[in-house]
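Please see the structure below; I have some questions.
Note that the chains take the letters A, B, C and D in the order they are written out, and that residue 1 is the start of every chain.
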Amino acid sequence: MYQVRTDLALEAKEKFEEDHVEVKGVRLEKEKAAGDIEITKVVIETENGAKTMGKPRGIYVTLEAPNMIEEDEDYHREISVQLSKVVRELLGEKKEKDSILVVGLGNREVTPDALGPHVVDNMMITRHIIREFGSYAFGKDKTKKISGIVPGVMAQTGMESEEIIRGVVEQTHPDYVIVVDALAARSTKRLNRTIQITDTGINPGSGVGNRRHAINRESMGVPVIAIGVPTVVDAATIVTDTMSDLIAAMAESSHLSGISDSLKTLNEMEKYELIRELLSPHLNAFFVTPKDIDEAVKRLGYTISEGLNMTFLENHA
Amino acid sequence: MYQVRTDLALEAKEKFEEDHVEVKGVRLEKEKAAGDIEITKVVIETENGAKTMGKPRGIYVTLEAPNMIEEDEDYHREISVQLSKVVRELLGEKKEKDSILVVGLGNREVTPDALGPHVVDNMMITRHIIREFGSYAFGKDKTKKISGIVPGVMAQTGMESEEIIRGVVEQTHPDYVIVVDALAARSTKRLNRTIQITDTGINPGSGVGNRRHAINRESMGVPVIAIGVPTVVDAATIVTDTMSDLIAAMAESSHLSGISDSLKTLNEMEKYELIRELLSPHLNAFFVTPKDIDEAVKRLGYTISEGLNMTFLENHA
Amino acid sequence: MYQVRTDLALEAKEKFEEDHVEVKGVRLEKEKAAGDIEITKVVIETENGAKTMGKPRGIYVTLEAPNMIEEDEDYHREISVQLSKVVRELLGEKKEKDSILVVGLGNREVTPDALGPHVVDNMMITRHIIREFGSYAFGKDKTKKISGIVPGVMAQTGMESEEIIRGVVEQTHPDYVIVVDALAARSTKRLNRTIQITDTGINPGSGVGNRRHAINRESMGVPVIAIGVPTVVDAATIVTDTMSDLIAAMAESSHLSGISDSLKTLNEMEKYELIRELLSPHLNAFFVTPKDIDEAVKRLGYTISEGLNMTFLENHA
Amino acid sequence: MYQVRTDLALEAKEKFEEDHVEVKGVRLEKEKAAGDIEITKVVIETENGAKTMGKPRGIYVTLEAPNMIEEDEDYHREISVQLSKVVRELLGEKKEKDSILVVGLGNREVTPDALGPHVVDNMMITRHIIREFGSYAFGKDKTKKISGIVPGVMAQTGMESEEIIRGVVEQTHPDYVIVVDALAARSTKRLNRTIQITDTGINPGSGVGNRRHAINRESMGVPVIAIGVPTVVDAATIVTDTMSDLIAAMAESSHLSGISDSLKTLNEMEKYELIRELLSPHLNAFFVTPKDIDEAVKRLGYTISEGLNMTFLENHA
């Protein structure tokens, strides 16, 4: 069975349903939030489930909002509020914990990959102020120490993001790490309309860039929450998927009745091989993204940073 | 017959050859330049040729260089030299003419669309200095008055680029306009490896953005040279093309011998219809671009601006 | 009498008061707005007043707010509301008028000069949408057609901003032009805490850059409102002023009683000559700005664009 | 004796000479390099010298070039060559050492503070390629493993640059660290015309920002070379210096003969106190920089990165 290329646990799950494959060890819960924001929780409960899904065990919450890309401040505020709730839940109740490192992964110079840097740019950074003046500097008891970093991508630094972040974590000892990153989806319909929040961190092969080393609780020594928005589809994925639809359509077509039967005899694997032969391998170096990606990334970066500011700063709640 | 979606005259011509369609009124000349730079000239000579090609009458010169995206200063200098030669040739010998407006079209905030702005950023701008101190300010008699503008795209300005540029041309009276823009190609293999220089300017429906009004000699009142590099492929194009290949492969396949005959009976148009039904219309809002597009656009912007600096400033020649 | 170097009419007026010089033909009105925002109106009523002030006849409204640089969304919203009121008042009641061009003057690459570009970046641009779909595209009858442009500075374009804007105005026929620019103040205390709104447009010698040609009703053919925030002090100004204070202090000093009398015999002009001799003329090429100018310009750009969005878009009011 | 505020060892030394103060334990060597580039070496040899100079023991080499800000590629190449020589000399001959971390300190969003980030943007980053393919990936035996990072400033990260860099050094084990930073000079005449290279790293209180923790061999565990260009003068410094000149001028002035004698009785300290009373303490939050700082920083960033590329990559030498 070939692997579906998506960073969204929800899409991976859906693909199996589409193919009528039962996945054991994976639980799915739907919940309707305020307005038309849809919240879905995928829980990968067993190692078997993880293997099938191609993603580590843990919780993956998806916020979907059809108008996430519209200009509407109140609507965006509602998304920030829901995001904040999910983050709090994943962090659990640990009141004594109070320092957070927010990491903006991705390449600031490539528009759909600049989401993480945008979020860090908009965060209220407080660690240095609280260390110097105490948390009453903000007139509140519970303001957290927030630090932030934009490590850059390997082509710019020559280093794995994971090396840089682990170094920073070991020097500054945050209680948690929040990693924000642009993701790859399988369907263009999910681009810029979905936020995934997971307690599994960032794992190999994700995203636009080449970030192969995991950034998770194991590698960092503290809990890592990853927040991502799909902003691209791999070029190979979009082509594969549409061709797969083409084969299905031809198999159904009365116009092509002669073909129908022969095609039905092809199994999934044979169809995939047929497609793969036609795909130039260099397509892996390309991605698909919407033309208005600059506005989408700017707006989503703001929405996510507001959600995080709400979570960690009393006066934003 | 359906229209091939490409801004490169060379690709449009090739498509017809591929389909064994003879195009009248279009001439093609190949020339090998220094090293491995290949120069091709497509001349659309008649209105009929223009109609078939979907592009206005005029000269389209293409520089192709397989290593255009490598880090090699000497190689890039050679491309700049060849570009300069072509620009000089298209401008013709008019020594008394001496003021040039360089326009950087496209959206600075969307990486593959930022080529034009990058070129203007790197141009030697001289008009204001020569107007104040004379051309001997540069110690040369023949330094041209160069001005530059980055008008932005319609989503940012609410105006057509053509309105802005015509306004600027009417106020500042340049003898020529050079317009630099990112283009859409049909094949990913041409991305960031090809420079097209044409004396027809920029015409409706080109590029990533929505720039519908022509920027050419007719609308501007002075000669307009357009320089473009394909940095994206339309998502619909890449999917259509690969599906077209799929149908061809299935028709040939011995493995699918049963299908073969039925498929052969489909003509081009029927194949296209089959594909179009499957393509979500929203794919038009997406483009395909390489992951290292930031480096490519930066490097190409520099190479083109150097070519133009050479052309207009004695001391760079 | 030497000229005070400031773009703020209020500071020019204050200087004369300080020097006990009566200025005829200039009226000053103070008004306390919501919270601690102070609104002052300087009206230059006569040509004589204009000559003395070194600024054209017209209305100059100043909003001053001590916490304009703090992070406080509600506070900023209040400033936006007051700004919107002043702009409406200066534009007058002309309901049939409905298209506005917003110009962001200044150099995007020099932090304190990037205010204008930031404002245009944050404007709701509507002209192209209303032209295509009508104003009901926004669900409101009264949404204005807003266009925007960032012309760049002369070192980047080789052209006067005034040439570019006049060209755009002649092509697109806005009913009004709003020009936003970074200004030079005399006192560092006013930097990033003051917004000046004037119906006289932008006039020679203002700001950080070299923009010598007026952008006003006369040159544009339509009313021009200029909105500016002082973000720099000229280096020569700050040095002159402090030295002037030094001379005054020495004249008062009991410690330097011997000097006192001789210094008192120096008149303003002599003091100024003494200072000027010491000032290297190259100081004119330098400006003074605060270290946190990046945050100030970002925040003020947002506050001003919100004020303008409120003014022209029903749903923001 | 009050402290001169400058990051340039050369200026600190000059100030003492000006004041006819002999500094023990500090050696100064002048050398004329190619063309009009002047090279000066200040060696602080003893702890006493360090205390007097307010800078740690070590070597400070200054390259001064009057035309460093002109557009002249050959001239800039010569500066890069000289810079490369100095860096090699300070690193010493250690052929087995081969990995270098280049750090771009400073705030990318504040133009005169963006020098370090610009340099890292232009570096050839090789570490990840050599680790994957070996150094023959570049067709040379001696290509070094270069990594780079732009840590941001404390207001953006909440962390000391030193914490971030130490973390990265401990994870990636470079043999050397090169730190590039914008500096503060005492005189505007040195801005953008001087490069200081030192083996003492970066030490408290330097530059525009607030970077208080040393980045040197002691804190990093490996040799640290710092490369800096003064791009700003502290506002307090420029005012103090000119006022000091004013007092001197008045003391000399025949026109003010009455004052002369009283002023001569003031000692340095009293003059300084007089000045300090007049200086608003908030002037510390301001800096002075030239209007064309965007072009200067871009050009100098390129010149320095070329010098470093030459140093570490065979094929650039």
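The criterion applied here is as follows: a residue touches a chain if its C-beta (ideal position, glycine included) is under 8 Å from a C-beta of that chain, and two chains touch if they have at least 3 such contacts.
What you see is a predicted model, and the numbers here were worked out from it, not measured in a lab.
Path length between subunit B and subunit D in the chain contact graph, taken as the least number of steps between touching chains: 2.
Annotation: 41 Å between the Cα-based centres of subunit A and subunit D.
If you average the CA atoms of subunit C and of subunit D, the two centres end up 35 Å from each other. In subunit A, the residues that touch at least two other chains are 155.
If you draw each protein chain as a dot and join the dots that touch, you get one closed loop, with every dot joined to exactly two others. For subunit D in complex with subunit C, the residues that touch the partner chain are 107, 109-111, 155, 188-189, 208-209, 235, 238-239, 242-243, 245-247, 249-250, 253, 256-259, 261-263, 266, 274-275, 277-280, 282-283, 285-295.
Listing the residues of subunit D that touch subunit A in their complex gives 120-121, 125-129, 145-152, 154-159, 163-164, 166-172.
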